[in-house]
Amino acid sequence: MKTDATAAAKRELIPLDYRPMKMRVIAATQETSDVKTFRLEFCDSGEGERFTYKPGQFGLYSAFGSGEATFCIASSPTRKGYIECSVKRVGKVTAELHARNTGDVVGFRGPYGNWFPLDRMQGSNLLFIGGGIGLAPLRSVIWNCIDCRDQFADISILYGARTVDDLVYKTELQEWKKMQDVQTTCTVDPGGETPEWDDQVGFVPTVLESMNPSPENTIAITCGPPIMIKFVLAGLTKLGFSLDSIYTTLENRMKCGVGKCGRCNVGNKYVCKDGPVFRCSEIAELPQEF
Amino acid sequence: MTTVTSLTRSLREAAAQALTSGEAAVVIGYELNDGEAAAPAFVRAPEDAERLIFDESCFGNLAVYLAKEEVRRLGKLAIVVKGCDLRAINVLLRENVVSRDDLLLIGVRCSGVGRPALRKCSFCEVRDPEGCDTVVGDPPEPPPTDPGKRYAEIEAIEELSMEERWAYWQKQLGKCIRCYACRQVCPLCYCKRCIVEKSTPQWVETSPHLRGNIAWNIARGLHLTGRCVSCGECERVCPMKIPLGSLGDKMAKLVDEWYGFRSGMSADEKAPFTAWSPDDPEPGIL
Amino acid sequence: MAEFKTYQVAAGWLESVAGALREAKVDVLVPCEEDGCVDLRSNQGLQALPQGYLNTVLPVKRVLMPASEVLLEYERQSSDITLASPQEPAPETVVIGCRPCDAAALEMLDAVFEWDYEDVPYAERRRRTTIVSFACTEAHPTCFCTSVGGSPHNSAGSDVLVYSKSDGGALMQVLTEKGAAFIGKLGPAAEPTDAGPPAPPDVPEKFDTKKIKAWLDENFESDFWVDVSLRCLGCGACSYVCPTCHCFDIVDESIWNRGQRRRNWDCCSFALFTKHASGHNPRPVQSARCRQRVMHKFKYFPERFGRVACVGCGRCVRTCGVGQGLVSILAAMDKK
């Protein structure tokens, strides 16, 4: 088997030269002390017009000079003209990204990975369970579903963080709370509440149990710290959810984003190619190495 | 190797004894791997002591395993040591990486390893290792070369002019592929996070281009100055055959000339760059 | 599809074709010995070709995926960035003296670098490189190509397969259009022939990959990994000299406001390979990393691409500083 340009074209390969698209920061919101959300538009409007993605996909965002890092696209594809990502400041690249402000140029490569199969969720109840920064990938799906509200039955959101300050998308949480056709519950860990806090206090899995959601025609989508996911899965299983009806999105250290650098695999699945969206039944079959 | 020498027999007895008595949970030694040459062995059951060997293919410096978490958690360590390996252990002891009470040292009297014999063996002064709990083997023959000639190999490089020397090292270090075999095999490169692995800031570029390679190899050479015991393992394992031992030997020669100090000769030594006392004649940066 | 022929050439063919290629400004890489190391070097006088060499220290993958290459250049000016692709395109290259095992590895690299996305830097070099392999006349004790579906006369991945003769001449099997173009440079010196290649040397099999795959399927959790990885130092030597290993890192290197984004070789045996920025590491111990390397090559890659990611060249065995290498691990597994 030899490689040549015509053979590649016949196989419909997408050429990848690792060159990011240039994006301009049009808004930067400080969500918490270490999380910032960026709204980015394409510097090349033609690229922007051609750009499409699905909820759950991710990209590699460049802070030129420091490197690239992987973040989900946190905005919904139903909203055109920009994409958003939420970045937690934990190291070199994220610190450099946090230093970017409105008008600055960053890079973006994507969209990569698979997506939440909303077409298979039509007519179902949706139960979103998020923890901490894990709300970011869920947000893309949540807004997508709200924008197509009549395609789904009940929509419930349960979201928690360690403290009130650690809650991300505070303004949007309020928006969702005000919606009649979306049930939103927020919680903070015991001790994380402030005197003004008027919603739940308790770990997310505990609050989930007290909510007692029915598994009937319900799809659960969860993302958050591994410990939260572990207990949420146990809780949902106890409530009668099958692993097949629970979706999550995994993360792993990435460099290329397209299955070539060999870094992000869990067993024989690449998080960047076979994921990041997985059903929990698929995850149960993977070696527990993540 | 078909005949079992009396040295090998004594070695196996000492190892089995240490495991049976509970003095050690694991004996780090050498065994034949796939027939031809020795490879590091980790013997935990007394009956497995029969796997241990000692012959001319036992050139690995096993001291590297004393700082490895996965080995340390096996329990109290016994280790088979040649004199050159013991020098590295002395540095680990004086740097508090490992405590003497936690080690059982099984010394081996060695007349040289390698087929053909390694260069370092020809002037070795530690053929009869001192300070071990047990020593096996017959009294070794004296080294064929005067130990005073230990730095002879680098004289050819020293005779080059500065320009020629720089050209020589650019050529050699240009071959480096940054596999870090040199660092991983070195008993004294035990940093949990090497300088090359630090990213805020990136002190040493990780790319295997010439400037990254020069920065890496010189940084490592400097971090080993006054510590390196010239065991030669770095040069042995380098896939690109870069003469890394020369860098270590040169630094060792300078430390010897300037401070009259040779690293690893005893666990109580005071090393020029790591020992300090309030009445130090050269207080350094303080 | 053209029928590719076999040709006969007399002694002196190597000098003549290398001369013709250099005239055409083609980079000719041949194995040469320098400072005790045989490696592919550019435009050497052909008398430097070592007789009876085993293999080059670095595999031919490094021609298509160098240890370090520039992906793009960037410059920051106030809030804007200028990006530029590297100036020089990959040169036309001919590798003469590759071994069949190294060439066969290229088919595996092709599978990865053409998986949905075509890796342009790799593909450009691949298109511009002609691989002229020398079939092996003997096996080294560390060779194990036949254990992984290969052979000393394997034509996979090569454009021309050369069977050298003791009189300095050779039989040449053209396998692709690029190979035909190479033979064209020899002109009338290359005579078509019906002669067949000699019998390949015997390379004893050392393990059974089917048995190994079956064992790997059941033994992700096993003390075997802890035992076999105790002596592993966690360096990158085995992966870097491996013809099929392709893991890479992407880094930005700047001086003030300008710099390069580079692709560099990386290795799953390194402790930080999978470490998240949060500090979490899915493979925090060497046993997990050793397991990943073996699983990737003998289970995950075959499950996705249909063949083991190993060509049996034996470099890992020869290079490992603690006498490990894949054969001892797999032979131990084979016995279970």
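When the chains are written out, they are named A, B and C in that same order, and each has its own residue count from 1.
Basically, contacts are C-beta pairs under 8 Å (C-beta built on N, C-alpha and C of every residue); 3 or more make two chains touch, one makes a residue touch a chain.
The model shown is predicted, which means the values in this text are computed figures rather than measured ones.
If touching chains are joined by edges, the resulting network of the protein chains shown connects every chain directly with every other. For the criterion of most C-beta pairs in contact, the winning chain pair is A-C.
Taking each chain's centre as the average of its CA atoms, chain A and chain C sit 38 Å apart.
Per-chain Cα centroids separate chain A from chain B by 49 Å. Rounded to a whole number, the gap between the C-alpha centres of chain B and chain C is 32 angstrom. Residue positions 249, 251 of chain C each touch two or more of the other chains. Contacts with at least two other chains are made by residues 202 of chain B. Residue positions of chain A with contacts to 2 or more other chains are 91. Against chain A, the residues of chain B that register as touching in their complex are 199-200, 202.
Within the complex, the chain A residues that touch chain C are 1-5, 8, 11, 13-20, 22, 62, 64-69, 90-91, 93-94, 103-105, 107, 226, 251-253, 255-256, 258-268, 273, 287, 289-290. Taken in their complex, chain C has these residues touching chain A: 71-72, 74, 76, 79-81, 83, 85, 107, 110, 112-121, 123, 126-127, 159, 176-178, 220, 246-252, 254, 257, 259, 261, 263, 266, 268, 273-278, 280, 282-283, 288, 292, 295-296, 299-300, 303-304. Looking at the complex, you find that chain B touches chain C at residues 33-34, 36-42, 60, 64-65, 68-71, 172, 175, 177-181, 183-185, 197, 202, 205-209, 212, 233, 236-237, 239-241. Residue ranges on chain C touching chain B, taken from their complex, read 35-37, 57-58, 67-68, 141, 226-227, 229-231, 233-237, 239-241, 249, 251, 253, 262, 264-265, 267, 270, 272, 285-287, 317, 319, 321-324, 327-328, 331.
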